[in-house]
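Please read through the structure below; I'll follow up with questions.
Going by the order they are written in, the chains are A, B, C and D; count residues from 1 in each one.
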Amino acid sequence: MLESEACENTNYNPLIVAFCCNWCSYAGADGAGTARKSYPANIKIIKVPCSCRVNPLFVLRAFLRGADGVILCGCHPGDCHYTSGNYYTRRRMKLLMSTLSYLGIEDGRMRVEWVSAAEGNKFSETMNSFAETIKSLGENVKLRDLRCKK
Amino acid sequence: MLKINKAKWAELFAALSAQGTLYLPAEVDGKVDFTVWQDGTEVNLQATQTAKSIKNVFFPQIENLLDFKTDGLKLSVEQRMLPEEDTIAFGVRGCDVCSFEVLDKVFLKEPVDAFYKARREHCTIVSLACSAPDETCFCDTFAIDATNPGGDVTTWLVGDDLFWQANTDKGKELTEKIQALLAEGDEAGVNAQQKATKEIMAKLPLADFKIDPKIPAEQEKVFNSAIWKQLSDSCLSCCACTYVCPTCHCYDVRDFEIDNKVERFRCWDSCMCKDFTKMAAVNPRVSRLERFRQRYMHKLVYFPENNEGTFACVGCGRCLQKCPVSLNIVKVAKALGVAKDV
Amino acid sequence: MQKIGVFVCWCGSNIAATVDVAKVIESVKAIPDVAFASDYRYMCSEGGQDLMQNAIREHGLTRVVVCACSPRMHEATFRKAAEAAGLNPFLLEIANIREQCSWVHKDKEVGTEKAIALAKAAIAKVRFNSPLQAGQSEVVKRALVIGGGIAGIQTALDIAEAGYKVDLVEKKPSIGGRMSQLDKTFPTLDCSACILTPKMVDVAAHPNVTIYTYSEIEKVSGYVGQFEVDIRKRARSVKADLCTGCGVCQDKCPSKKTPNEFNQGLDNRSAIYITFAQAVPKVPVIDREHCLKFQTGKCGICEKVCPSKAIDYTQEDEIITQKYGAIVLATGFETIDLTKFGEYQYGKSKDVITSLEFERLTNAAGPTEGHLQRMSDGKQPKHIVFVSCVGSRDVSGRGKEYCSKICCMYTAKQAMLTREKYPDTDVTVFYIDVRTPGKGFDEFYRRAVEEYNVHYIKGQVGKILEQGDHLLVYASDALSNSHISLEADMVVLATAIQPSQDAKKLATMLTASIDNNNFFTEAHAKLRPVESPTAGVFLSGVCQGPKDVPETVSQAGAAAVKVLGILSKDTLATNPCVASCNERICSGCLACENVCPYGAIGGEEKTVINLNGKREQRVVSVVNEALCQGCGACTVACPCGAMDLNGFSNKQITAEVDAIC
Amino acid sequence: MQKIAELIKKEAESLLKENKVTAVWAWQPGEFYYDNSPVCFTAPEQLDKLVYNEFCPSNLGKYLMAGSKKNETMAVFAKPCDTYGINQLIKDHRIKRELITVIGIPCSGMIDIKKIKNQGVKGIISVSVSGDDVIVTTAYGDKNFKKSEVLLAKCMSCKGSDYMIADKELGEKMEVKCQKLNPEDGVKKLEAMTSQERFAFWQQELSKCIRCNACRDICPACSCEQCIFDNQEAAVAGKASANTAEEQMFHIIRAYHVAGRCVGCGECARVCPQGIQLGLLNTKFAKDINEFYGKYQPGADDDSKAPLVDYKFDDVEPTISAKGVR
């Protein structure tokens, strides 16, 4: 099993793409920075105006290009800067995640979290826990385009 | 004529496989297709037709041509290696054998396609005569003898015996390598089968389907036929017909970018596609009618005009089976009135 | 090919300590279209900006990437600087290598590697940035203030004084808010009503102010400069223009069993009532739920007794739709619900009250006309225990984690006033800490202890039991590390305060964000404390966080100034990062229209040039750029990618993804 | 069916003769009885070629798009299942309702010629159907089948004999008689597998894909002016299969784009030249939508809000539990 191999390989440093909405989660990430709450460096943030800007295509593209995990962070439901953007995100990503699981992709490679601007702590905790999950899952081989070897 | 009994086929395939990568019709997931033989491969020599044509072996759907690499501001270009491994294509039906004649006229003419040429030169074709033609078969229309399909070696499957006859030097060379497995055989069985097969073919619905060899001369009339509209209206513009066709050979060249590298590859394309051959931003054949007409004009008119009357169709009938809306070259030819349906 | 300039900021040692800036420069220089790369100690300084501007001019840069702090800090600064150098401001991107790199990673090698990756992602994105032109939208020269407490009143007055129209909306029948319920104010001990009432009168009388009491916000749409708000003016059942506020109706009203909200339910009021004597407007309102006329159809006494024929049972709610340039939230606070704090017997014993109830109890206009007496038997309490931090600084999950800030001071005030008025009453205060940072605050507290002999015990009250007509208070004494119990006649709970219930609803309507405790979030904790993250929406008073009166008033003034900053302009630059539809490929399915939160997209049958370059007529989506706020919901709903978002285009985001992976 | 074919012919004739429409979409015969093609008739004299039998599986709705742009009046014959797709196209503004006349025609199920041929039948000369009996005459002799056993998969999960949209109905409604299949059963079977098994299954299925786009081009929910996969600007355009990851991407996104819009007509799976079980993907989305957001049948109407452009405040959260996505 790939999973167990990766567990043993402690040097394995998964590549994680984090899409963060500008108003809550990106600010939350800034908050984590201001409070010096660390998280693994291989998590890289892409700023989007709202979590509803994240097209499932971007998520798949990241996996195709070799990301080991993709996390999408937005405002808490009800707190969307654009009133209802994250409600759409919630449906879109729910279905996408369900389908990825159905296709036999490891559950947990993709995650959606609601992180508010005030939750720098939560941002850092979420990122640490997600990185742990991905570490335990090992490298993404199932969705990767073989041409994109790192 | 030589022969080999079913009991020894496994040995035969192993021996052939030792001479090069052996492609043969095998059943995978309920479908028969050309597959690389390995121990345990479910060889199927009964199927009239493989789902995809042998074209895939010589002209794969996707092929890397070269790589660009950047190192800082320096750019280097690396050619991909030519596919020069020896291969054997076994169990190729008459129609598919003839498809090479069409493809050769395209790829081996100047400028020669090095990748196709390398594959072609390193391949020995072992054909398999038809004994159970299907209603969609119309190779006879193009004077292809399915019961004597040619290639480097011709084989016939009669009962449990596979009869073997080398036709070319390449074929003879291969035969010598596996001589030990082959026994002398009697032609009578083969002849009887050929006769029976021809009788069946005569009963099939497309037996009388012929294409007027003079149509290239009537290019303008055919081109302007009013019937194109009704025909093309029903076409979905998908590429199913193109991709299963053993003679369609259009491709697109594309780049795949990865960080500091670009892989340039070619991939099959179809003149039926909206985004085929973009010139000055758009496909010059803007309407479905024009694109639809192009494919059939090419097969029935332009290609023979440029290639001593050879139609770019071998009557394999795959498009008849695969078109989602049952449009196909037979329907088109008949509708155009270029068929001599006696 | 682009000519990209990359500028890497040291931010003193903030970045440079964890990121090898030189190495970042070296890496980006190896990217073919990076034409210039340089580092600087403080890019945001004038010198840093000069460096960038000179490079833009000298090297003809077509795109700029600044690797520095969060774009939330200085994106605007750098874009402005780029614009001054002749580059379209939207051709600049920030790589956040401080908050999201140097501050969260310790290892220099790791930090440097990540900084390079972030720089590369920004470079990949900026290649596809397109020059954007901010449009202009008109400013409606009118402000809306939601909440008619001291915060709202002050903000409204300041805006009105500056010469702009302002509407003040209050949910209750009168303005005045919490401050009108207070007896005295610390540390000066002025009478709350005496200082508030003139303000109420001023605001009511001001020609630029329109007050909507007994009204609520129904709907908000639009954007800064152009908000459109529906205000539901609830039916008072009294014609305000005829009413003289004589009060005969409430005297004669036979239904007098409704708990009086103004007195925190300590006494009852009539169904038709004026909230309090100084109410503005001094017009009663019929509480239809408790009115006999409305409930049974029989009665109608108030109509008969009203000398000015002002009673109107047929009045209906009215929706007032008005446009505003800016909105101020001043929705104030309430005390938390104490049902989870069973140990204090609140609600079970009538003699356990909240400090706000205590305010009413000691107020001359309160239920006891200012006489301190027990609600159970009317006797004057001889020993009062004050408990501070009830539900504040509570990590048990029952209360609030934050400090309610005002309790220490008002508890000292209440204890001191009790001792002054009733010297024979013994007063004990249990506290966790006494926090008195404020002008004259600590002196005030010391007076309570030293001059008024209020017993302060550092410790928490664990349990209160009723014993006969006394209360037995069990507590810990943290200083002597002992358990104590003492008898009390009355216990006053310094109950935590929380934002008003309406905050959450309003936050959703206004798309202003709120924090975990439902306080409105400010745009920047330090530098933009009165602005919400939503342009044109400002915060005044406790709705943003616990505050006392003077702090509230100063923030109210600050919010007014921010509003004036908008109202004084004729037009505002609009956000050019809006959605745009490529009509050539738009199929007209209008999935985008369905998801747009702003109604900014609509379908139109249009003649468009199709993909073949031919004209054809079909339905396509059309974006109203003035309404679009740029969330991007439509771009994902669009299956064919016809809908894209300026500044965050499919290509830009894809390029970032590719660069990172 | 023969009787209905006559009714259709008569109806088409009167529509064209009375100039009520300029075009009529129906089917015309091919070479082998089983290979009928969709066709557009514009004159009454063409109608002798009109055919309707057990080999008319195509939904003609999508063909109305081109004429709709030119404001042509068109009539279309639609089996009950076809009406879902037509509604979806109207909802997506790809067909103008006022231009089209939908004529509902009864159907007792369409025969899957592949099922017959997969049983080793070759050289078909003619097919005759009478009730449940199917007689296939071949160059190698006659073969008999039961219609109920050789129906198209989509007919075995027939949604019923009601028309979701019809300006006129011809003949009497018919039922499909066979062992009914629930399309969700296949999904459930896959869901019950382990993650690895599912991955292996989809690897095998999707690696067959040759990117011919037949699934997309036949789909009544895939009606974009330009598919995102044909748009070079979108950076996902791909013509050929480099490896399965790209195929996965194509099929996930295609299924995702039609999620909540896929009417479940099963045409994608029917036309796939590679026999990929595409229905298992689309049905998964439909099943999830029904489970998460309440029952929804795309194409049952032309004005409801599709689940993915709608939301509820208390929608299920996209969280992961130990057992997978819940």
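Observations on the structure shown:
Please note the rule applied: contacts are C-beta pairs under 8 Å (C-beta built on N, C-alpha and C of every residue); 3 or more make two chains touch, one makes a residue touch a chain.
Here the structure is a predicted model, which means the values were calculated and not measured.
C-beta contact counts were set side by side for A-B and B-D; B-D has more.
With centres computed from CA atoms alone, A is the chain lying nearest the middle of all the protein shown. Distance between subunit A and subunit B, defined via averaged C-alpha coordinates, is recorded as 46 Å.
One finds 30 Å separating the Cα centroids of subunit B and subunit D. Here the spacing of subunit A and subunit D, counted between their Cα centres, is 36 Å. Taking each chain's centre as the mean of its C-alpha atoms, subunit C lies 53 Å from subunit D.
Touching two or more other chains at once are residues 226, 228, 234-235, 242, 308-310 of subunit D. Residues of subunit B in contact with two or more other chains: 256, 274.
Contacts with at least two other chains are made by residues 595, 611, 637, 650, 654, 658 of subunit C. Judged by the touch criterion defined above, the protein chains are all mutually in contact, each touching every other.
Contact residues on subunit A toward subunit C in their complex (touch as defined above): 15, 17, 23-24, 26-27, 29-30, 32-34, 36-39, 41-42, 44-50, 52-58, 61-62, 65-67, 75, 78-85, 88, 92, 116-119, 124, 148.
Only residues 65, 147-148 of subunit A touch subunit B when the two sit together in their complex. Residues 30-32, 35-40, 58, 63, 66, 118, 122-125, 138-140, 204, 208, 210-214, 216-218, 226, 230, 232, 237, 239-242, 267, 270-271, 273-275 of subunit D touch subunit B in their complex.
Listed in rising order, the residues of subunit D touching subunit A in the complex are 187, 190-191, 195-203, 228, 234-236, 242-243, 245-246, 248-249, 252-253, 255-256, 259, 281, 284-285, 288-289, 292-293, 307-313, 315-320, 324-325. By the touch criterion stated above, subunit B contacts subunit D in their complex at residues 29-31, 48, 51-52, 61-62, 132-136, 200, 203-206, 230, 233-234, 236-240, 242-244, 252, 254, 256, 265, 267-269, 273-275, 320, 322, 324-327, 330-331.
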